[in-house]
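Chain naming follows the written order as A, B, C and D, and within any one chain the residues start at number 1.
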Amino acid sequence: MQGLEDLYREIILDHYKNPRNSGTLESPPALKNEGYNPLCGDEVTIYVNWDGDKIADIKMAGQGCSISRSSASLMTISVKGKSLEEARGVIKTFKSLLSLADDHETVEIQTNEDLRALGELAALQGVVKFPVRIKCATLAWNTFSQILDEIDATI
Amino acid sequence: MGTLPEMPNLNELSFDPKVIKKDFPIFSQNRDKPLVFLDSGASSQRPTSVLDAMDDYYRTTHANVHRGVYALAEEATNRYEAARLKIGNFIGAPNPSKEIVFSKNSTESLNLIANSLGHGYLHAGDKVVLTKMEHHANHVPWIMLASYLGIKLEFIDHDEQGRLILDNLDQTLDGAKVVSLTLASNVLGTITPFSQIAQVAHSYGAIVVGDASQYVPHMPLNVKELGADLVAFTGHKMLGPTGVGVLWGNLKTLESMPPFLGGGDMIADVRLESYTPNELPYKFEAGTPPIAEVIGLGAAVDYLNNLGMQNIANHDRAIMKIALEKINDRFGDTIKIYGPKDYKERSGCISFSFENVHPHDISQILDLHGVCVRAGHHCAKPLMRELGVAATARASFHIYNDEDDVDALVEALAEAQRYFS
Amino acid sequence: MGTLPEMPNLNELSFDPKVIKKDFPIFSQNRDKPLVFLDSGASSQRPTSVLDAMDDYYRTTHANVHRGVYALAEEATNRYEAARLKIGNFIGAPNPSKEIVFSKNSTESLNLIANSLGHGYLHAGDKVVLTKMEHHANHVPWIMLASYLGIKLEFIDHDEQGRLILDNLDQTLDGAKVVSLTLASNVLGTITPFSQIAQVAHSYGAIVVGDASQYVPHMPLNVKELGADLVAFTGHKMLGPTGVGVLWGNLKTLESMPPFLGGGDMIADVRLESYTPNELPYKFEAGTPPIAEVIGLGAAVDYLNNLGMQNIANHDRAIMKIALEKINDRFGDTIKIYGPKDYKERSGCISFSFENVHPHDISQILDLHGVCVRAGHHCAKPLMRELGVAATARASFHIYNDEDDVDALVEALAEAQRYFS
Amino acid sequence: MQGLEDLYREIILDHYKNPRNSGTLESPPALKNEGYNPLCGDEVTIYVNWDGDKIADIKMAGQGCSISRSSASLMTISVKGKSLEEARGVIKTFKSLLSLADDHETVEIQTNEDLRALGELAALQGVVKFPVRIKCATLAWNTFSQILDEIDATI
């Protein structure tokens, strides 16, 4: 089916069917935040164990479509073990990938080289062509981002 | 609310959806794939006659209504008021010139009701009864009123097929001051036993409100027989334009209700610190109304009348039967269909889900086949929660849909299932 | 709100009203007499481009917005949201995607404000300040709130020329929690010193509301410079369709306000007995919005931008000057003109009366000459009472009006005077 | 001016410029009722002295256009001295003239003979062609009719 491969890359289907870091963490101590997509009813809950320096563990739970779940799964992989600053960098990169970053925050992604550096995350780039699904792709990220703000406030 | 005959198939209908499609310009657009529009439950398409009525109004006679002495303004007012009578007659209103109030959509009509009844009629502790399958438009206004006034909400339950459970109706309705429910569910397709409930509600002295948003587009409605005191519906689901909704009420109820929005046209007099409301229906129509939209809705009613609402109801039944059969035949246990199993108990739409494919993904893949269905919570989150899902896919039908559309849906669904298996 | 140059005559304008007329189909209709439309203050006419934008939308891309995954729904949503940005940019909104809320007209926008501020912000005894020249749309909602909540209304006075008296502004605004006034009077034509009042009001911590219904159609508006927290205006007076209004608010104020109408789209979540509001601007847009109408208003804004709002303001001044001169020259002391004597202090309309001819009769006789003017209280009864009349006649202008229209008005008025003398 | 004579008959202009029974009656004892035309702001006040059998006196005051004032003036003439039943008959005839009566109440007005019998009231028939002005023509009559209801209630 023409057009479909742009959206549903193999990586996405794989992470949809076998989401990584799926589950919950005991909260507290884990930080926890829920996100809704009011347009479709999708829900995601993100759990983070912050050890004072880095994201020691992260889990995701909830209901969602292939884009929303695979994006959440890919996110957990890309931020696990990262420092606050590094995690924010990943978010920025992800938003740039979907052309969502504010101008001054955009990370240039121009070459295939750049995309390779992103690793599996790059699979989500096809979502750009399907604007309605962008909200699906960003749900987990926005929910996670609020947890980072919370950590920030306690440091 | 006459009885509806069983319809064996689409061939016996009094009109041919393929011919009907020609009246709707959106189906004649050049596209990669033909448009299979199965989202009329969210908003229907419009025939050329509706677009022409609005265009002609703007090109030849636009002026603000009710205020001008000059001929142009008079002609605008005449067209506006003629549409009111037409729409009133369409639902059998005994006093169409006074009982039909124009709003911007069903949502405003229902908010008008909740807000107005909240000023004088309802007080802390009073009971308002809804169902658990209401659209947010007939649910959130009452939640808001509960938080402002302290009224109590109670709910009529339904069974696993989405049929309202009437066993302890007396207990639920006893002491209710308002009973407000849908005539047809926009998710489950359930046609509710509205008149029966209204009768019991009236025996307890309640005001009975009907959300007819999904009913009026598909079935003949006669408010004299319905048993509701107030009824809301919306233009864009019944072949009319966006931006116009309707509130019908019987004279006694409407007269007892204070105004909702304040402004021009709804007053008889204004002083610096007080005002006197205008007579019905103007009391509830503040500001410049959706003039062109009301005229467009009048043309939509002409179109529906021309086909005949009973014939339209027959088509609704027929396509519901065919669609249920074909979907069940093809997908068997791998699909979950919500709502009544018997097509005779439902109208307008079929909500469903596959185990391994999220509704969003279904809708996306269907779109690539030119098939438009809705995926989401359908503005009925409490119902979704009860069904244990975040979203369903929903195919909904109108007079321009035929068996080919059902076949296209089934084929595309099979493709989606294959893709994600 | 830049300063506007004096305009000596219509010949120096950057556009020719006679050419403009060709864009407005209503002026090309076959009639006994050419249409001299001088009631744009009640509702303007629309250019073909606005009608085409709506028609094209219905014919090619209609589907409900914000809910569909399929391409048609996405394109409908894109057009709807693009119009939001366009309209926001038109008035200089810093965050157009969040600060522009669509309603059905100014009246709903103003009721939204009064109702929402009435839930949490305003309490019994609080002071709300208006003027005595408000349209009922910016007066009755506050009277209703006064009767429900016990807030107190106070009024800024005006002089015999209809200019607001600012002498004891501090006294009037001290302690005010809301100050709500028009930017331009729909009866007197007065341009109010809005920004000056807003500044004082803000120094007392009030929320400042502007009714820009009569201002936006004629003059460039920049909400960043205006000094209002909330602004209402209406589509049908600014070349747009009926059925759509706008509320602009700064983020802080909008975020602090609870929702008005409850229903679909305005929620983030709904449970049986509670709900969570959606983010801005959707929190205030319950139900299916006036989709085609918003898109039509977007096209109207394109048309206005194309001419340039500063050029339109110049035309407004020029025609106001010519009309005042010609009417005064011809009728001298036999006519009473309301509002400021200096054309530079007014916009859009001229209200007047003759000693021996009632405005109804003026309007009727003018109509027989093809001249459309309004006769009545113009939804400003408190002002009428103060002027000591039940009604006035009002000629109001827009970009398609030229000197010939003024001449036709003057001739027809002379005829009316003769007839009743 | 073509069309204008239909609306503005000489009789109407005469009654507009020199309204009969213009003024007030002391109330009480006079019955008094105010009417508004919400669309244009016109106001009329009707005063009636009821002597137990008939309308002994009637006065009108207020602001209004030529149609509204002349109609009020003509009304006062046609009902002064009449009994309750007779006055209601005049109202019925007037409404039939303007095609406003309910079907079962319509008084047939078909011949010139009929019109002559109506006297000066017939001058108002031209208003039918100007539907917006019908509210002007009926304002005083509706206001008066409510006074009759009041009398009715006390008999």
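The definition used in the following text is that a residue touches a chain if its C-beta (ideal position, glycine included) is under 8 Å from a C-beta of that chain, and two chains touch if they have at least 3 such contacts.
All of these numbers come straight from a predicted model, not from anything done at the bench.
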For the chain pairs A-B and A-C, which is connected through the larger number of C-beta pairs in contact? A-B
Cα-centroid distance, chain A relative to chain C, in whole angstrom: 45
Between chain D and chain C, distance of the C-alpha-averaged centres to the nearest whole Å: 38
Geometric centre distance via CA averages, chain C-chain B, whole Å: 32
Shared interface positions of chain C, touching two or more other chains: 67-69, 73, 267, 269, 360, 364, 375-376, 381
Among chain A residues, those touching two or more other chains are 39-40, 133
Chains that touch, pairwise: A-B, A-C, B-C, B-D, C-D
Residues on chain B engaged by chain D in the complex (per definition of touch): 66-69, 73-74, 77-78, 267-269, 276, 278, 282
Using the touch definition up top, name the residues of chain D that touch chain B in the complex. 36, 38-40, 130-133
Chain A touches which residues of chain B in the complex? 358-361, 364-365, 368-369, 375-377, 381, 384, 389-391, 415, 419-420
Provide the residue numbers of chain D that touch chain C in the complex, in ascending order. 1-4, 7-8, 13, 16-17, 39-43, 63-69, 130, 133, 136
Okay, in this complex, where on chain C does chain B touch? 25-26, 29, 35, 37, 39, 42-43, 45-46, 51, 54-55, 58-64, 67-73, 103-108, 110-111, 114, 119, 132, 135-137, 139-141, 143-144, 146-148, 153, 155, 234, 236, 241-245, 259, 261-267, 269-275, 286-293, 360, 363-364, 366-367, 371-376, 379, 381-382, 385
